[in-house]
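Naming follows writing order (A, B, C, D and E), and every chain is counted from residue 1.
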Amino acid sequence: MTDQMVDAPPAAVPAELTPGHSRWHGLRPWLPLVALAVAAIVPYSTLVLPGIFEGPLNSPGTLQLLAVCLVFGGLAAGYDLLFGRTGMLSFGHALYFAAGVYGTDILVTRAGLPLWQAGLFAVVGATTLAALLGAVALRTVGIAFAMVTLAFAQVGAILVARNFGGWTGGEEGLPLDVSGLPPALVGVTNTVNLYWLALAYLALVVFVVHRVSGSPTGRVLAGLRDDERRIGVLGLDPYRFKLVAFTLSGGLASAGGVVYCLIVGGASPHVTSSELTLSLLVMVVLGGPGTRWGPVLGGVLYMYLDHRLTAFGASDAVDALPAVLSAPLSQPLFVLGTVFILAVYFFPGGLASLTTRLAPLRKALRPPR
Amino acid sequence: GSPQETASGGGDATAPVKVGLVYSQSGPLASYGKQYIEGFKAGLDHATGGTGKVGDRKIEVTEVDDAGDPAKAVSAAKDLIGKGTKIIAGSTASGVALQVAPIAAQNKVLFISGPAATDAVTGANKYTFRSGRQSYQDVVTAKSFIGDPAGKKVVVFAQDGAFGDANEAAVKAVIGGAGATVSSVRAPASATEFTPFASQIKAAKPDLLFVAWAGTTAPAMWQTLDQQGVLTSTTVVTGLDIRASWPTFGAAGSKISFLSHYFDGASDTEAATALKSKVGTIDLFHPDGFAAAQMVVQAAQEGGDDVDKMVTALEGWTFDGVKGKMTIRAEDHALLQPMYQAKLSGSGTTFTAAAQKTLTGDETAPPVTPMKG
Amino acid sequence: MGTVILLTLTGLGLAALYFLVASGLSLVFGLADVLNFAHGLFLGVGAYATWWAAQNLPGAGPDGLGFVLAVLFGVAAGTLVAVLVELVLIRPLYSRTIEQVLVTVGLSLAGVALLQATWGADARPFPRPEWTRQVTSVLGASVPNGGLLLIVAAVAVLGALLAFLRWTRYGLVIRAGVENREMVTALGIDVRKAFTLVFAIGGAAAALAGALGGVYFGTVSPGQGGSLLIFAFIVVVIGGMGSVVGSAYAAVVVGLLQQFVNYYGVSGLGDICVVGLLAVVLLLRPQGLAGKVAHA
Amino acid sequence: MSEPVLSVENLSVRIAGLHILQGVSFTVAPTGVTVLLGRNGVGKTTTLRAIVGLTPRNGEVRGTIRMGAQSLLARPTHRLVRGGLGYVPEDRCVFAGLTVAENLRLAERRGSTPAYDKVYALFPELDRRGRQRAGSLSGGQQQMLAIGRVLLNDNRLLLVDEPTKGLAPKVVTEVAEVLQRVAESVPVLLVEQNLAVVRRLADDAVVLAAGQVAWTGDAKELLLETGLTKSLLGVGSGGGHETAPTAARKDGS
Amino acid sequence: MLATRGLTWRIGEVAIVDNVYLDLAPGEFLGVIGPNGAGKTSLFNLITGLRRPTEGRITLDSEDVTTLPPHRRARLGLGRTFQASSVFGSLTVRENVRLAVQAHRGGSMKLWRRAAADREVAAAADAALDRVGLHHRGAALAGTLAHGEKRKLEIALLLAGEPRVMLLDEPMAGVSAEDVPELVDVIRSLTSDSGRSVLMVEHHMDVILELADRIAVMHHGALLACDTPDTVMANATVQEAYLGESL
């Protein structure tokens, strides 16, 4: 039973490996670029979306929120490379993200390195760490693998919490020393640059994951998800391919950590927690594992809710309700948990499955030819 | 056009003064946050004579929940600043305070940190102030229990992490500096079984045990110290937490010497009366909110919309707070304030604290830290 | 010597607490194949219900029989919640393991927030018999009675669970159902009932752990269950998924290791040793210490 | 002719958008073996599963299925089985983690005495291997367990899906014998590819093709008529892959 | 070509595979029969490296492969099918075969190339699909195939790897009667090329007899006989232990 514990996620066929058929076929490759372009010019819009964002689209608060959402969209997509596309359930992904966050922060704040060096070292270091720990953890499979990665991440969390050598700031976290940073990344007026940075990160992750999934190696990863034994008998070393996926995914997470550190302006131990990995899992499932846009959407939506629900809980509308309702509703986690449960029920296969579920509707609406 | 819009603060003489409060409405520190906001409202009322106005300008308060998460607090702060808010206050958690303080400096807005106790907020930068006490002041109060520290043996029992580190360092500086030998026993904040640590403490045979422990495991910790006979074998000092925690000390409560930031009845100032009339029973963090409101009103009154003027107006300002005379030290923005020694008595669910001694703001003043930014 | 005895006995008390939490988890995890993150919620429900009953339920109180009544009420509440969760949330998702796990994740978020919304974030003093605060002197060591109570309870729960698995047909049905639920129905068995039963037992064990944990900690707080959960997971995995006996062994190893390392080593090392142990055990024996229980 | 024990009328099954069965109708006689034939993938297994109510979640079943006067559709599987419908699935589906004895114990039904003697007499192997985990049994042993499990109880009708698949010739013969004896007391609906077994056991035959019933009638008639077997099953009546060691030799070696 | 020397696999005290000496000459077709549970599949698992033998050696082209992991053996030209079909259920049939072709053509990491762009792989995959007659199912998800089709896909996966030694575990199990001759032809054509050796477990005696040069009989883990079909079929022990009386 042990090896059944982690069944491959209810994944869809990797879109990259199946040819498209629709009329969109010609247009399709360009859609992501269009989306990217639209996202890139958002900061020029003064559109006000009452209830959705506090201020106009181009206000710093909104951009900050969007930047955080985008980073998590990218993180979720990177995590999906492991979970949705290779079928590996890691409970320790937060470690590599945290390594990016804390690595950058410590190198900038404590060692006084310039940002680009700190970021580079953090990513290289975290990727190496992922490769080393992955090499050990991948000696196990299934739930044992999940728990070994959890154990490693937990050690990371304990070290951060202990405030080893006063480096990490323990439970209080470590604010980023911005004096050495490029001025364009500092200050509320420059939030827009952080937004673009986050967008670039997301685009990078999506592009990498897309390319890798559509590559010969991606094909092997999809095969690993279904039947690892078979891959071995075909003459491929499962271990090597899994390690590559693990390392790549860890590296992408650490790059997200660098960006996140800049956006939030510091590190806090929350990023080392196993809950973070768990929420990555939630994001991926919410969006649809193994799909190109699902995890991104899941990540963005999750973080959006996570941030906005605090405002929802404090809103007058909720306060006006009788106490039985308003008390739980003013707990953001209650709403988030409930939304999540409902999502599991009503969107099995994630948000990405919405397109297929809506297909009959679309067909019905399309004028007969 | 510009890819991003930031509202510039209205220079209009009747435009409202925007104040943003970023604190914990939900999350583990929600009840600290609740006291803070109650205190703030009462303080605002008190400082504006019930009008909620400074001159002709209304004080417009925006409350944002950070759920104790620095990332959310930073987002909220940026949002507020983007909308032209010049004064931000709140920060229930130390992590939040430390992360928001640099934002204030980068954007040149006033930041008045709330219940967060970390010493690192003091002297963080020119724009950052605090409305509550800091760990160092706790430790100085603890020192007052020991008489002459010279030659005494002091043990610090603290949890791992920055809070524990700060307390240990402060004890070493304050009590160790006065001639005591200080050692420490540290435990992970997540610990559930305290016998090993109690045994270590007992083996050290200290003259004074200083305990710095926060969190839900505190009652188990106290019970273990009590059961292993630590509480009866030495003087044990710790900070007195919010009222809701008092019954959790159980029988151990009467064996502990408490240093206190505040408890109901610790002072009978005019401000305390005003606060009490609003909130009924005053608790630990009500005075912090109250002081924050007083500082906001002072800043708005003297500084208008000019943040630098606000800073000048607050630096060195002395006012009558709930706890008595409070002084904002100009050099590092430490808030000098009275502190208390207290005893807990009672049983079951009804406990009362009584002041043993009051230390003045000067007696508990931390050393001046150079301003970092 | 006194110190060693003291550390051993208190370590066993800690182990007993871990086991109480882990046993229900292990059962649900191993037999119903659901990694139940909502276990912490069941724990919380048990603790809060006991706390509530001791003050409000006629006949119940913090002492003697009243306390037993309060604990029984707590266990009943935990069981009820577990059964409801199974019926309403888990059952419609059978054969979709990942989704089931995710629902329990959502539930653990929402449930703890609900406890907090109802009773506040702060720890509340837990009603408990006076003797549980006292110590018993064993060979010169002052051993807390609360810990001894946990040990007794853990042994009782272990015995009861083993008996259940050995003497009843349900253990069989449940294990078969995990492998191939369809086939169990095709043998004429209503497998859904068996799964509900597993959740009920898991919930009851969790609620008992919650109530006794309250005695041990002296307080209840919404997050208490969650913080114990991670060690319980470790115990379950080290012990071998689904093996109740394995969980017992693992709990003892983890409890003692933590206690002794915390005393003789550096602070924080105890936790690192435990996760280190987890990694080592899994790398050497991926199936955990014991195989599966279930032959019990 | 007496009342059929099972009648399927206009059965139609869709799974994941595929229309697998498109209006299948046939009956199962109250005695003997009715065999369901057809090429790979025509929907034989799907038919049996629809009868016991095991169509997958994303499937949809229409039509009527009756056992006697009772309609079987929309009743939960465990009820149907308790009501005397025994099912031996295609891939054996023994519980790999349980021992052989536990697998059998599981199949006991409340209210009736399990016929262990009968089962052990048929498959002495199961008695010997009582404590072995079923997952470590060989394919043939598992098949015996799967059949034995159902025979523990009295049934009104047995559904057996490819019981001889992957079995050694000797065991095929044994299984066929067992089924023959079973069929003396209980009617059997059998899916089988091995024509030798079909020839030996079948009384009636139903042939599926393209999601519909292509032929139904007396099995002997089907097997005798070379033309029929060829057109329906694609083999000459003498050919097919039989288990007897009499077939063609590899020439030249 | 392939040889086992005293190959033994024990679980506890029981020898599942017991001291097996087997030689497979280049181009030879060796049928393996034996009662259920004789250890045929286990023998395959040992040879392909999915299990480690407790004793004995395995050599491939006189190279000792006893301790090599499965993928290394596969790269040396060892391919197999599984008794219970194991195909990549969430990939299409075509992708399944392409993956196998790609594995054969060099399993190095190619993270940045477009998989779909490799025409040679695609062509080789289509050829393999053609050969087993699954071309028309290329776009279907392998997981939704009917049993018989999965068996064919298994063989296509094997073909794609162009192995020199092939281990077939009951390839005919569950294949409908009319498809058997076709599949037999496919298997025959595998061997007639270029001196490939085949080891095939099969219960359908007529298929074995049609294809095999020699037949090995396993019983209780041990090799009972290994000889020409005629001799084996005449062997009294084999008659008694395996074939039984014919229907």
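By definition in this document, contacts are C-beta pairs under 8 Å (C-beta built on N, C-alpha and C of every residue); 3 or more make two chains touch, one makes a residue touch a chain.
The chain list, named the UniProt way, goes like this: A = Amino acid/amide ABC transporter membrane protein 2, HAAT family; C = Amino acid/amide ABC transporter membrane protein 1, HAAT family; D = Amino acid/amide ABC transporter ATP-binding protein 2, HAAT family; E = Amino acid/amide ABC transporter ATP-binding protein 1, HAAT family.
Predicted, not measured: the structure shown is a model, and the values here were computed from it.
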| item | value |
| --- | --- |
| Given chain B and chain D, the chains that contact each of them | C |
| Labels of chains that are neighbours to chain A and to chain E | none |
| Graph distance between chain C and chain E, where chains that touch are linked | 2 |
| Of D-E and B-C, whichever chain pair has more C-beta contact pairs | D-E |
| Farthest chain (mean CA position) relative to chain B | D |
| Between chain E and chain B, distance of the C-alpha-averaged centres to the nearest whole Å | 74 |
| Inter-centroid spacing, chain C versus chain A (mean Cα positions, whole Å) | 32 |
| Whole-Å gap between the CA centroids of chain A and chain D | 49 |
| CA centroid of chain C to CA centroid of chain D, Å | 45 |
| Multi-partner residues of chain B (each touching 2 or more other chains) | 26, 160, 188 |
| Per-residue multi-chain contacts in chain D, two or more chains | 97 |
| Numbers and ranges of chain A residues touching at least 2 other chains | 1, 158, 161-162, 330-333 |
| Pairwise chain contacts under the document criterion | A-B, A-C, A-E, B-C, C-D, D-E |
| Chain D-touching residues of chain C, taken from the complex the two chains share | 95, 169, 172-173, 175-176, 178-180, 182-191, 292, 294 |
| Touching residues (chain side chain A, partner chain E) in the complex | 8, 11-13, 16-19, 211-212, 214-220, 222-223, 225-227, 229-238, 240-241, 244, 248 |
| Residue ranges of chain B in contact with chain A within the complex | 1, 3-7, 25-26, 63-67, 69-72, 74-76, 78-83, 94-95, 98-99, 101-103, 106-107, 118, 120, 160-165, 188-189, 373 |
| Touching residues (chain side chain C, partner chain B) in the complex | 3, 6-7, 10-11, 13-14, 17, 113, 116, 120-125, 133-135, 142, 144, 146, 216-219, 221, 223-224, 227-228, 255, 258-260, 262-263, 267-268, 270-271 |
| Touching residues on chain E, where the partner in the complex is chain A | 48-50, 69-72, 74-75, 79-80, 82, 86-92, 95, 98-100, 102-104, 107, 109-116, 118, 121, 141, 157, 161 |
